[in-house]
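Both complexes shown next keep chain A, but they swap its partner, so chain B is in the first and chain C is in the second.
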Partner chain A sequence: MNKFQTIILFFLLHLASIFAIFPERMIASASKGHWMPVAIIFLAELLVLWLYLKAMSKFPEKTVMELCSDSIGKWGAGLIVLPLLVFLFLEVVLLTYYLSSEIRTVLLPETPAYATSAIFVAICFYGAWTGLAAMIRASMGWFILFMPFILFSLLISIGNFNFHYIFPVWDSQFSFLLRPDFYVGTIIFAGFLFLGMTPSHLRIRFGTAAALVGVIFLIALTSVYVPLLIFGQETAIHFQYPMLMASDTVDLEWVVFDWLPSFYVVSSSGLGLIKVAVLLWMFTSMLKQLYLPKAKSRWILAVVCLFLYAASQWIPNIMALDKFLYINACLCLYSTVGFPIIVYLSTLWRRKEVRA
Partner chain B sequence: MISLRMKIVAVMIGMMILLEGCWDTKDINKQYLPVVMGIGKGSNEKYNIILEIPDAAGKIQFLEKEAKSISKAIDLIRTDSEKSINLVHLRLLLFDYKIAGEGIRDIIDYAVRANDLSIKGMVAIVDGDFDKTMYHVISPTPEISTYDFFNKEAGWTPNQSLLRIWEAYRSQNSYSEDMAIPLLQNGERTMYKFKGTAVMREDRMVGRLNREETFLYNLFKGEYTGGTIEIAENTSVLIKNVKIRHYPRWSAKGPSLRTDITLDVTIAEGPSGKSNMEIEREVRKQLNRNFEKTVKKLELLRSDVLGVGVIYRPQLSEEQLKNWKSEWFPKLEQKINVQVNVINDIFIKNEIQKDKTLIR
Partner chain C sequence: MLQYLDQDYAQSLESELQERLHQRADFLCKHVVIAGEKFKGYYLRTLVNLPVTLSILNQIVMDKNNDLKWDALHSMEVDASGSLNALFDYVLKGKLILFGQEGFFAIIEPEGAELSRAVMSPNSENPLQSAFDAFTEDLDTNIGLIQKKMISDQLVIETRSVGNRALKKIAMVYLKGTTLPEVIESVKKKLDENAHLELSTVRDLTRILGHPKLTLIPTYISSELPEETVQNLLNGKVVILMDQFSFAFAFPAIVSDLWSTTLDVQYPLLFQVFLRAIRGASLLLSVTLPGLYVVLNSVNPELLRIQLAITVAKSREGVPYPSLIEALLVLLLLEMIIEATIRLPKNIGPTITMIGGILLGQAIVQAKLVSNLLIIILVASAISNFALTSYMNAVGVRLYKYVVLVVSSIFGIWGLEAALVWVILYFASLTTCAVPYLSWSVKGRMADE
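Presenting the complex of A and B:
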């Protein structure tokens, strides 16, 4: 039963990116054949996930941190994990900023930024405070609460589809590989890193994870193609929140559905909350294990949250957010592709050592 | 056990969350909620903005200002009005005829950009006296009659075209289609009278379709529910179902599109003595003739309101797609074939078997 909850959390963390940043970046990264970048991202994820879980399964009682520091020493581990830490912090800051500005744009135009992000950070602080095990349990409730909203806002606009807008479907030059927006899309990977830090009885096998990635791939594809099928590529690239605009095209007479984007924002920010909380928890526990073993983790968390709040206030506008997202993409590639490979190699090396 | 302190913290967080939504909020009875915005040419400034605001008593209030930009005009209206103005319920943008001739790109951009304006609102052009149409009131005014005029669940028929803000935005950015905007005028007993459809090229009005041509336009797009075709005196058929198939071809000369439209109709009125076959043939002939005329007209206007480019999308490369409107659409050869099939969902048998017993 517990494993099931881990699966759900894995699923929700990926959905969080699908409901923020990911579709918009995928649409921006290609002018045709948008399924190609999405498919490549998910194939890469499968590969990395396989390495990561393989490495973890050899030492089921240890977390990634312990694995690293055992095989390459404490200092080496500290060096390897440092970019990962920077990535996690940047990611959390950017996501906080992104979501609180989305809430302001759509739901609360009068509320100042410091108020919306204060609430956001406070809730995430509480989530991270309770720890990963508690969040894994909470994910079940989150799933039941938000899944109807998610499906609803994904599929409500189906009546406005024009399937001719799928075309052209093939990009023979793979031009998206040269666009930075494609690499920003890799933040969706951040959803699997937590698997290395769960207690051993909550670990999931690769087969399960791969099936999940398959399901998530389908949802990601839907999220990219819904705006494309409604607006066409030429128009969809103009939108800051393409999925949100897609749900605004639906005209239902019923008063509850008068302002459909609110459904999108509710699901987007709900998923964002749990993602930020999990990443925050990862950040503080890594920080504690590797750099500050004597400090109390809750104090670290409090200080981190203060920094997070300050940093999210400091970002001046969406343009700056874009710039940081590009910087973060490099770190993201390291921490979600490079880091699992390093972990895998280090376990191989360690095994040889043990045998010899 | 949850300690008292934790409970207090939980309550405080709960209150914080709830209060967030009340930031600078304005009571609903302190707000005007306009449903129609008229955008005309100002006498001194670029725009003349008129807002139609229905109130609970069933009356309509009008607010008007001129400015160089729309949001400034709304700001000026707000300055003089007693209440705040909130555009969330705005459902219809009405352009002056002259504005439409000069291009509406900036206005559509504004409507999509504005956070409080829903992009599912509709767009129409006033054909005739702008002020007279805007200030036209019928009594008693149902609160949202302006909106119901276009609503597919209420007063819409296939004789009317319909364009939403997001569709307009899509068309003006699109490589492969143009938009068609309904033309309105104030009615006598009704709020509006439908005058036809404005044919746009990019964001500019270049021509017009009359009511019958608008019907064909809708038929081509597959919007036919409840459509009636009149052939001769006392003869008309009701469309029950339409099947549309496109056969896009691409030869050395350029694109050529054949469209087969099969109509399932019932005979609503037919003079005695005329067989179903005859009516069928007449409907087919008439529709084919009218379609040919309409397509030719659109070709001359060089406006792809039928969205042929979208139909061709599967066959076009990205380069060709970008040049569709300038290079390929003028070369398009379009042929529409109408087939008619009479399905008798009515209470009278086919006339032909009956002997004539009437004595005149």
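Presenting the complex of A and C:
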């Protein structure tokens, strides 16, 4: 049962990206055959995940931090992890800004930005304070709470589909590989990094994770194709929140609620909370282990949260967010693809060393 | 212990005992005759039934011949040392102390005075299909009730005394092999560590067990029914019984105790699932309904279909204050009605219900002080609150309702969501007796962690 909850958290963290940032980037990255970038991203994730879990399974008692500092020394690990830390912080800030502006636009147009993000950061702070084990336990409750909303907001607009928009299905030039938006989509990978920091009895095997990635792939495809099939590529590309617009096209007689996009925002912001809390926890525990071993982790967390709050207030508008997302994409590629490979190689190297 | 003491020492013991207990009005020293020999008996009159005890003693001794007659007394003796403090304790615990000639001295387990009530049906619980006997105040009776219900060699019962100024006997009961060793260890360790703390209330008990002072939900399940307690034992919980307290406390509580009682297992499986689903739904409703009212009324009215939104707005026509104040006012009134009916005598309770519910509810709506939709919402929330399994759980939920109400009046539907996310995190962070609050069961291999 215990591993089941880790699986759920893994699932929810991926969903968080699917409900924020991921679909619009995928729509923007290709002009036809949108399933190809999505499939490539998920194949890449499978590969990286395999390497990461393989590396972790060789030393089941250790977290990824200890693995790094054991094989390449404390300073080496510090250097390797530094971009990862920057990535995590940027990601957390961007997600906080993205979600609180989404909440503000859709639900609370009159509430000031500082208040909406204050409660967002406060809850993430509390989540990171309780620790990863508690969040893994809580994931079951969140799952039960949010899953109805998630499924509802994904599927309500099926009636409005125009299936002609599915064509053309093949992009022979792979043109999406050249667009930066495609690489921004890799932030969905950030959902598996926490697997390297769980206590050993909560680790999941690659087979389970792969099956899960398959399920998530299907949901990601849905999230990309729902707006596409309703509006078509030319229209959908202009939306800031395509999924949200898609659910606004629906009028369901039997629901007492009229403003259906709010379901989307509720699920998206809830998932975002979870993701930010988990990433915050990873950030502070890495910071403590590698750079500030003497500081109390709760103080570090408090300071980090203050910075997070300040930074999310400082971002001027959604254009700036875009710019930061492009910057973050490079860091993201390093930390979600490069970092697991480095971890894998370092375990190989360490094994040789142990044998010699 | 049947023993001969030094005569001088025995005399000094007697006098010191008298001196220490002379403030007790019921402390007596009487000359008694057992089997033709004279003794001085020291005891508390309110706890010892002396005539009956003496006749039993005489009966035991009478048909033995001269050499064996004092040995026969062994059957009624208590093992003890002859120190003053020990004697003092024995007198307080209701034992009879005999001093004979030539330093002869014995502590006798007497026939006690009738101070306990008989085993009766429960007062605070209403089981439907179950055994109807309930715990009484006497610890030994309660342990006996459990043992009678559960004949097993795995049942472990440990008694110990806690407290400094006033001793309190408690019993720790668990099933070996079913209860997790970690749980047993953690309870035992805390009981050993904090044995010096005073124990007179249930809160003292949780303090001794080292549970946090401020919790939203109780860390234990209390029950008056031996049947329920046995089910708790089978579910892997540690049960603690306090002397002179007619409830058993099962540790630790986990999240499923909010919507499941152990007596559910007496029903067919489908019924059990149905009942638990209802309670789960009522948990969610009782927390969110008042908050949802404020959200849909004043913060995010655009969520509702326009016809419904107009109906909601119409019902509030003429109400002079914001919906948060309105909800808080009526909630306060509702809480007071609930609180008032709990301790009133049974023949006044219905009157309050009638005045509060029917007259006031009707009048307050007609006077346009609150909207009638709010009355419906709040009554629904109160009813769903009492559908939860125990009163203790319900109070925590009742409290958290206010947090949800205030947060959602500021942040609308997003505040409601944030409050729910927070409470799940809070539950996840709780760990009592080495068991996380969000576990599937306490039994066997731990659900998580």
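Everything below uses one rule, namely that the second predicted complex is superposed on the first by the 353 of 356 C-alpha atoms of A that agree within 3 Å, B and C clash if a C-alpha of one lies under 4 Å from a C-alpha of the other, contacts with A are read in each partner's own complex, and residues count from 1 in each chain.
Operating definition for what follows: a residue touches a chain if its C-beta (ideal position, glycine included) is under 8 Å from a C-beta of that chain, and two chains touch if they have at least 3 such contacts.
For clarity, every value in this text was computed on a predicted model and none was experimentally measured.
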item	value
Fit-or-clash call for chain B and chain C when the two complexes are aligned on chain A	clash
Partner chain in contact with A:126 - chain B first, chain C second, else both or neither	both
Partner chain in contact with A:235 - chain B first, chain C second, else both or neither	first
Chain B versus chain C as contact partner of A:167, first or second or both or neither	first
Which of chain B and chain C A:210 touches, first, second, both or neither	neither
Partner chain(s) touched by A:248 [first = chain B, second = chain C, both, neither]	first
Contacts of A:39 with chain B and chain C, given as first, second, both or neither	neither
Chain B versus chain C as contact partner of A:111, first or second or both or neither	both
Chain B versus chain C as contact partner of A:259, first or second or both or neither	both
Which of chain B and chain C A:138 touches, first, second, both or neither	second
Common ground on chain A, meaning residues reached by chain C in one complex and by chain B in the other	107-108, 111, 115-116, 119, 123, 126, 259
Residue numbers on chain A that touch chain C, as the complex places them	1-2, 5, 103, 107-108, 111, 115-116, 119-120, 123, 126-127, 130-131, 133-138, 140-142, 145, 255-259, 262, 265-266, 269-270, 273-274, 277
Chain B residues within the chain A interface of the complex	13, 16-17, 20-21, 23-25, 88, 115-116, 118-120, 151, 153, 164, 166, 169-170, 173-176, 310-311, 313-314, 316-318, 321
In the complex with chain A, residue positions of chain C that touch it	299-300, 302-306, 308-309, 407, 410-415, 417-418, 420-422, 424-429, 436, 438, 440, 446-449
Chain B partner contacts - residues on chain A that touch it in the complex	31-32, 105-112, 115-116, 118-119, 122-123, 126, 162, 164-165, 167-168, 230-232, 234-235, 238, 245, 248-251, 253, 259
